[in-house]
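What follows is a pair of complexes built around chain A, which joins chain B in one and chain C in the other.
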Partner chain A sequence: MIAAVTWVTFLEGLRNRAVYGITLLASLMMVFTVLLSSMIMQDVGKVATDLALSTATFAALLVVMFVNINILAKDLERKTIYLALSRAVPRSHYILARFLGLGLLLGLVVLLLLCASLATIQIVRQMYPSYFGMVSLWLVAVAHLSIFLQMLLLTSLSMLFSMVASSSFVTFLLTIVSWLIGSSTQEVKRLVESSELSQIAPVTKMVVKAAYYLFPNLALFDLKTNAAHGIPIHLSQLGFAVLYGVGYATAVLSLTVIIFRRKELT
Partner chain B sequence: MIHIENVYKSFTLERRNKVPAVQGLSLSVARGEAFGCIGPNGAGKSTTIKLLLDLIRPDSGSISINGLPSTDQASRAMVGYLPENPYLYDYLTASEYLAYAARLSGLKSTVMAERRGALLERLKLSQAAHRRIITYSKGMQQRTAIAAALIHNPELVVLDEPMSGLDPLGRKLIFDLIAELKGQGKTIFISSHVLTDIERLCDRVGIIVQGHLSFEGVVKDMSGPLDDLFLQVVQAAGVGEVR
Partner chain C sequence: MRSKFSFVPWITGSVALIVYLICLPLAVVERPRHEQLFALPPKLLRIVAFQFKEAAADMSFLNASVFLGGTTPQHDTRRYLPQQYSWMYNTLKNSVALDPYFLDPYYLMNSALIWDRYKQDEVNELIAKGADKRTWDSLLPFYAGFNYYYFLNNADKSFTYLTEASKRSGGNPFYDSLAARVAYKANKTEFAISYLENQIQQADLHGQRGKTRDLERRLEVLKAIRRIEIAAESYRKLFGKPPGTVSELIKSSLLLSLPSDPYGGSFYIDQDGSIKTTSNMTSVKKEK
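For the complex of A and B:
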């Protein structure tokens, strides 16, 4: 049962035209990265790596926002969900299978983006070997794994929001807001806690602190600087990010299952 | 096979107004029986079906299938359900959709292939089997949904408006298929507005009006046409407003 729902979710995503549009957009951005590199006189490798990873993050984010959310919304709005739930499929299994299917789709997209990023970086290296500098392709691959984890986490959040939101647009808004907060919460917390800004109101500090613990800390998964500057990533740092991602996604999915079990599919 | 006992269900609309959909509904369908559930629009027929399949939960009362409470997913292991106005996965082909429906019920690949081929042939979908569902007409989509409901050879078949969107040929196809299921001894629960079909296919009929079971009887014991009885029951219940 889980395999059947996972496979259908993956197929549905793969055949969604938005995926092709996003792939085309990502390809154009990679070409733009190569063109832009010709205008830079030093550290071309760093710029190319940074741009390639930004493109990969942006494209994967678009897949979450326009493909994953759409698949879940259609399931509930158009009642395609009835086929599975009118059989002996537990609702918890359904949620898990949907998540795995969306994860499989994201995995494939990020793998393609990794290939595109590596190809882009290699092309730039071949074109400007003297100005390229040091870029570790291994770190680029790890950074893509990190993007994958980040987007999986965001997908789990979008699933939770789709259970409580009245429409797919609300789910979209809540997910994008979570991404924006999650990406900056670490920096903002550091800023408000710094001694130079002691005039900040205690309430603001509390709100920032609450947001830091409530929203996922997506900055943990941003390894662009490491990859672009060749700063090694410690295994413990990577392990912590993986555990954090898995733990947070598990908690969010568990909450999704609890809500979904009570949800009335009118 | 089906036992619905004193079930109440209401929905909360805007401004927290509660609208009763099913009020003290009790009915039973025996194994191998074909039961026709009819009623005016908004009477609570589809709500009753959704309650039966645990897609929504009753406010009070109990529902069981095959002796198991409807909240137990095992009760739905051998149920085939055709929703009203079914939406299918646009990007799949009918062949893939039926394979999916079969795997949801744990059918083995060989059995699935055999059942799928037979149903596609029977419902005149073989030639379009590898085309994406998004390209299908309403009638083809309805027939695909019926095939999906039957792929695992269920003991209980729940059909909500099975003739919806079908042309006369399609209706004959589905009518014959339901008659064949009845002949095989399947338990059938049909909700439909096509009263002539209900009259010809069902052993017993129940008329739901405003969430109540206002009439229940054996079809062959009825003295007149079902249409007349339906109008009498609905008028006696004082339903003037068309919903």
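For the complex of A and C:
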């Protein structure tokens, strides 16, 4: 039954027109990357890699925000959830299957984005072979994998928010705020703890620390600099990031299941 | 009714298009100059750039690059206005704060700010930091080393970065030669000699003997200078005063013969007591 719901979720995502719009946007941005590279003096390969990976992050984020959230919200708002639950699918299985289906969709989108990124970077390499720098195509692929993990984590958070929020718009807002905080929490914590800002109130420091532990540290999954400059990543660093992501997502999904079990569907 | 007014949207659409095309070139908002020259503090920028720091660094660099290309320096001084330099400095500083590994902003800083003598200390400090970050690159340590010596009169740091440039480039004789020259200028002749000897030995070990001809010539002249320095030091101890000329050293038998300068110059004792050559370590005659 889990496999069936997973597959249905995946197909539902594919049928969503937003996916095609996002793919078109990503393609246009990749073309823009090639055009922009001609304006760079030395580090052409680095700029092409930055822009390709930024495009991939942005497009994957749009998929989470406009496709994944929509699918879940539709379930609850249009009561299509009864179709599955009436067939005696346990609620925990339903959440897991939905998550796996959305993960499958994200996996496909990120794979397409990886192909587009590699093609863009290769085109730039052909155009400016002497200015390609230290770009590592292997690390570009790893960076895409970390984008995928990051978006899976965000999807799990969006599922939690959809259980507690009254509408899909609120879920959208909570998810985007989580992404924004999660992307900068490490930087803010470092700034607040630095000796330069000793005049900061202890309460502010505590709030920042709380946010650091509460929200996912998404900067861990940002490997653009490594890929663009060929800076190697230690396996332990990557392993810890994966473990952190899996741990956080599992905790959030478990909480989602607990809330969903107690939720009265009217 | 429908057929009678069906042409209305076509007319309104066409009129609106004409109005749009006429207004487009006129509808440019000219922002005041000081507003255009605003740059955010780098630490704040790192936070608000979220996961797009690298793309923001690229845009920051492009912003400065386009500004530089589209702005004409003042006619009389051939320099930009102070606030324009300040904006360029802040924008490029932002770019390297967002991505400290990005080469282009350092490159632009070096050509547009250092050579225009704007905040050379701070700018070269940034270039040196970039050199420390980009551990595979020999260009930035060369820039930093060159600027430390040529503009900032800091031979010690210059020597450090030039030797680093040589190391990273796999022993480029150009960097080695500059480093030895800088060490000599900083009154560290012995240091320069041992550095060059080591570099030549390394080149030998890597089967690159052919590339070291210039280094050997520089080593030869430095060794000659060192011999005269030692003799001058002994002269000072013996007579309690520094020698006025090199021939005084020969007359007092502290120097057996006058060493020859492979660059074709002749050695002399400068007013500050340092040993120099008229060739200034560059060829003054054609080699046979």
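Worth pointing out:
One rule holds in what follows: the second predicted complex is superposed on the first by the 266 of 266 C-alpha atoms of A that agree within 3 Å, B and C clash if a C-alpha of one lies under 4 Å from a C-alpha of the other, contacts with A are read in each partner's own complex, and residues count from 1 in each chain.
As a working rule, a contact is a pair of C-beta atoms (placed from the backbone, for glycine too) under 8 Å apart; a residue touches a chain by one contact, two chains touch by 3 or more.
Here the structure is a predicted model, which is why all the values come from computation and not from measurement.
When the shared chain is aligned, chain C comes close enough to touch A:Met39, but chain B does not. In the superposition on chain A, A:Leu51 makes contact with chain C only, while chain B stays out of contact range. In the superposition on chain A, contact is made by A:Ala88 with chain B only, not with chain C. Of the two partner chains placed around the shared chain by superposition, neither chain B nor chain C is touched by A:Leu113.
When both complexes are overlaid on chain A, the residue A:Ala97 reaches neither chain B nor chain C.
For chain A in complex with chain B, the residues that touch the partner chain are 1, 3-5, 7-8, 11-12, 15-16, 78-80, 82-90, 264-266.
Contacts from chain A toward chain C in the complex involve residues 36, 39-43, 46-47, 50-51, 53-54, 57-58, 133-134, 179-180, 183-184, 187-188, 191, 218-219, 222, 224-225, 228-229, 231.
Interface residues of chain C facing chain A in the complex, by the touch rule stated above, are 43, 46-48, 50-55, 57-58, 61-62, 65, 99, 101-104, 107-108, 134, 136. Against chain A, in their complex, chain B makes its touches with residues 11, 50, 53-57, 73-77, 79, 81, 83, 86-89, 91-92, 96, 100-101, 103-106, 132, 148, 152, 158.
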